[in-house]
Amino acid sequence: MSAARYLVAWAVMLLLLGLSIWSAFLRIGPWQPVAQFGIAVTQAAIVFIVFMRLPGRPSLKWVFAGAGFFWLIFLYGISMADYLTRSGLPKG
Amino acid sequence: MTTLTADLPASYLTKEQTIASWLLTTDHKRIALLYFASITAFFFIGGFAATLIRLHLVNPAGTLLQPDMYNRMFTMHGIVMVWFFLIPSIPNTLGNFLVPLMIGAKDLAFPRINLASWYVFNLAGLFVLYFLFMGGVDTGWTFYTPLSTHYANGYVVAAAVAVFINGFSSIMTGLNFVVTIHRMRAPGMVWMRLPLFIWAIYATSAVMLLATPVLAMTLFLVGVERTAGVGIFDPALGGDPLLFQHMFWFYSHPAVYIMILPAMGVVSELIACFARKPIFGYAGMTYALMAIAVIGFFVWGHHMFTAGISIYSAVVFSLMSFVVAVPSAIKTFNWTVTLHKGRITFDAPMLYALGFVGLFTIGGVTGLIVATVALDIHLQDTYFVVAHFHYIMVGGTVSAYFGGLHYWWPKITGRLYSEMLARFAALLTFLGFNLTFFPQFILGYLGMPRRYYAYPPEWQVWHVLSSAGASILAVAYVLPLFYLGWSLFRGERAGANPWRATGLEWRTSSPPPAHNFARAPLVTSAPYAYNPEDGSAIAQDGAHV
Amino acid sequence: MSESAPRPAEQFADFAQQGEVAQLGMFVFIATEVLFFGGLVFTYYIYRHLYGAEFAIAGRDAKLMLGAINAAILLTSSLTMVLAIEAAAADRQRAILRWLALTVALGFLFLGVKGWEYVTDYRDHVVPAVNFLMKPGYGGPAELFWVFYFIATGIHAIHLTIGIGAVLAMMRFARRGRFTPVYYAPLEVVGLYWSFVDCVWLFLFPALYLLGRS
Amino acid sequence: MEWVPFWPRNAATAATPVDTLFIAELAISAVIILMVFAMIVGFGVRYRAGSDASRSNLVRKSWRFEIAWTVATFLVFLGLFIYGANLYVWLYGTPPGDLEIYVVGKQWMWKMQHPGGQREIDTLHVPVGKTVRLVLASQDVIHSFFVPAFRVKRDVVPGTYETAWFTPTKIGEFRLECAEFCGTQHAHMLGSIVVMAPADYARWLADQGAEPSLAQQGEALFRSYGCSGCHGANSTVHAPPLDGLYGRIVHLQDGEAVTADEQYIRDCILQGAARIVPAGYPPIMPAFAGQIGEDDLMKLIAYIRSLGRERHAP
């Protein structure tokens, strides 16, 4: 029963992989990294929830699994705030 | 070993006596002692470098050491003291020893990982000794690029590897503590009954786990850049040196909290016990600890105020630096108010703890001064900053470490030390410390930059005062080595609870048996149930002590 | 470690607690790994932000086909790994071994493809510090892209190699019948690590292979 | 404050406001420190184990105290922050400046270039009362330009330009230091700022000999590096004209708009078309990274700046 669930998840992941590659050839400019990153996040969520079986005891797993990603927001966000407001540093 | 424990009850010390039983032990208490040996060695290596620096600076022309040698000395002092003494000091010795005892567990969750972390720590230490004997590093402990990657002529890669490996030991320890505190507490030991030392270790571990990996990656990139000659942070190849600083300080500012949070935990235990009063505002103290741990991650940019970050982010970093000072102020207030209507005795641990509060306050308010962006433009990279962070890390952390060591010494060894000498050492620490570092505030405002091996003659008087203080401080730090060492052989036997304290660690024999408790403890009482009216107390397992 | 009659380690009350604690420990470790790789990806994104055009041109020379095949291999290996754990929970000892062996095989296959990719990269002169030529159209920071490409894929490959070693160890345990439906925490913990390494590739793949294709 | 034996000299307009803020914070610090020490000593004496002071009626509900204390601390801190941030924005803003000095830091010396072409090493002569604007660059590692008497400090990071300014108020010689550790001779990367009366300064400038001005030197480089081939007046290549470029808003191809300051011009020269192409021009400019040193770059920029000025000059 659960084996079927894993198979479905696996198939969805392959599908998303294809979608990601396909999106790379679309001319959607700045939306491209957004799309690809969004797909990667979805895939990672599937891995964590299905393959790493986050639901279930101990529920503290959610906190620990999320902590790393959550903390990255601070590193990225606060540093990016500096880069985006630094004068004289033109954007590429 | 047998002679040392001859008249002591059977304990973790007496269980097995072979060398292998120590080197392969998974007992958290023995591992704590292994760590104690390692970091004491590093404390004196770093202290030796500090001694040379202070001797050198007595003369304004700076002729004792060659310029290159001076630069290597302060670099080594920084690297050794930060990563090989201050960061592991309280967590890996006192923390390792006490966390399972205080929460009523038999051991940490992962005893083998705990042992492995000690070996990893020493492996990193070997790299330190390697670059030390090969000739040292001359980048400063901050490894700023492109100096470290393309211009420095010391053993930068070896130093980076040492710190990188050391990071693994931090992570292993932090991981062990977090999981242990979450899952291994004795029945009845709910979160709001945890001693503040445990809260502090928990907050520290969280910071270790969340910050150390970023430092590891940063130093890895520095190592790659230096060995392969590619330009990750090199502006000539499109890199950005400020990116290195962002990543470095994302770890290294929280690292300050890795050093100070455990000290705050120790001091909370000491003040409550020797004032015979529950700590004032226990819940507030726990929130303050966690707030410092979290907000401490948002302030790293105050190390970069003059480095060319945008003025908007500089202002925000300044604001956050003021915000993070608020919980520290609350803690200071609560410690002092705890004394109110207490029944205070001034044993050596208490003297260290009160010294901590005083020095931490001075370090804290000068921290506000450097957090003010406009003032930091003048003060950044001067002796003012040097004095400020030594007040926090040495006046704060090292005082608390010594205080904790004296407080739990009877528990660790089963012996009492000479109280008189200990009080003398505590007072000497306070005096010597202030004489060493207070003149440096003045030097800093006068405009003496850090890491200068020579300076104008008119500043000599302040440097001489500082060096004189350093020699007093050196005596104060060496003294415990003698009387604590002496106590191992001749010290009076300590009872299970010489201070009549409330923690679970005092509810087992001194020294504790191999698996900590003869009977698994059941926790029924809040921590610090001291009664100042008659000095009595109720231990956490409900016993009157 | 080698006692025959299984009982929980001394500091634990029972196997359930030991298993939960082991899982939690692994998740904490994974959090630190997220920050470790996160730091690398962070530098990559800063430079991609600063040098978008150069990165796009350089990224076009990454071997998309090989990268995509490897992504599929890793995704499949996560599936076989989790099936091994399911087999342990259902006490199907032969199945544990079979799925673990398949996982190891996929792991080696990934490394093989990766190795082949490095060879073609070398022939392409895009290996910084070893064999690098500024191609026409490459801007200065193009080399930075390749630096990140090799650091990221290199560290990932090291993680995967450690994972293969861990799975091989689990196969030894399984052959000795150490996993029972009551206690198979080591297998579970290795599975978590394996899936996480898979996860890392999911982020590296678009960052390194999908630039500048349109 | 100079009557205090350990107070730094006050020789620029920024010094007084910085000192005032510093004294204010010192005063607040002193109050806090005295309060804490007084409480420790006072309680320590009154409630020592031997004393028979009453310990009854302990405060049990501490929330009110704690919240009051927290809010009060926070408000005081907030006030200090606003005061400091305000002053900082003024210190870090760059006023136009009466005088532009280009400074290049390298291990272990400071090279100064006056607009008139005069060059100095480790010494900088400036007239009193005039606002001096510095454009700082580094040839190798990070240095930091620090004049304690002026309360001015800027890290000089290789690969980018930093600007700083000061207005000296006193005649005399003031210590210039490198504040960021930069290698073996860091402690000897010293210099001095010589502040002179305007007349003395004019005489000093004249005594330096008739060198071509910085912009003139830049013009020569502009030709020798081949810039004039495309950007020159009678070029057939469709390259953006540089007249009056400095200080203008440039619209880039990706829709972004940037101000053409020193940093922008520097990036354009070093990175060429790979980077910042103004809208409407083909990306054909080569990158000069690695071919032009910091000194020459500054001369080129001085020249490009002068192109605007000449035209607007009355």
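A, B, C and D are the chain letters, set down in written order, and residue numbers restart from 1 in every chain.
Keep in mind that, in the parts below, a contact is a pair of C-beta atoms (placed from the backbone, for glycine too) under 8 Å apart; a residue touches a chain by one contact, two chains touch by 3 or more.
These figures come from a predicted structure and were not determined experimentally.
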Most distant chain from chain A by Cα centroid: D
Pair joined by more contacting C-beta pairs (A-C or A-B): A-C
Between chain A and chain C, centroid-to-centroid distance (C-alpha), Å: 16
Intercentroid distance (Cα basis), chain C paired with chain B, Å: 35
Cα-centroid distance, chain C relative to chain D, in whole angstrom: 46
Multi-partner residues of chain D (each touching 2 or more other chains): 160, 275, 289
Where chain C touches two or more other chains, by residue: 20, 24, 28, 31-35, 38-39, 42, 46, 50-51, 53-54, 140
Chain A residues counted as touching two or more neighbouring chains: 58, 60, 67-68, 71, 75, 79, 87, 89, 91-92
Parts of chain D lying in touch with chain C, wherever the complex brings them together: 271, 274-275, 287, 289
Interfacial residue positions of chain A with respect to chain C in the complex: 2-3, 6-7, 9-10, 13-14, 17, 20-21, 23-28, 32-33, 36-37, 39-40, 43-44, 47-48, 50-53, 57-58, 60-61, 64-65, 67-69, 71-72, 75-76, 79-80, 83, 89, 91-92
Residues of chain B touching chain C in the complex: 100, 105-111, 113, 171, 175-176, 178-179, 182-184, 209-214, 216-218, 220-221, 224, 228-232, 237-240, 243, 247, 515
Interface residues, chain B side, partner chain D - complex: 62, 67-68, 71, 138-140, 144, 146-147, 150-152, 235-236, 239-242, 275-277, 280-281, 284, 306-308, 311, 314-315, 318-319, 322-323, 325-326, 329-330, 332-334, 336-337, 339-346, 354, 357-358, 361-362, 365-366, 368-369, 371-375, 377-378, 380-382, 442, 445-447, 449-456, 462, 532-533, 535
Touching residues on chain B, where the partner in the complex is chain A: 182-183, 209-210, 214, 242-243, 246-247, 250, 297-298, 300-301, 308-313, 316
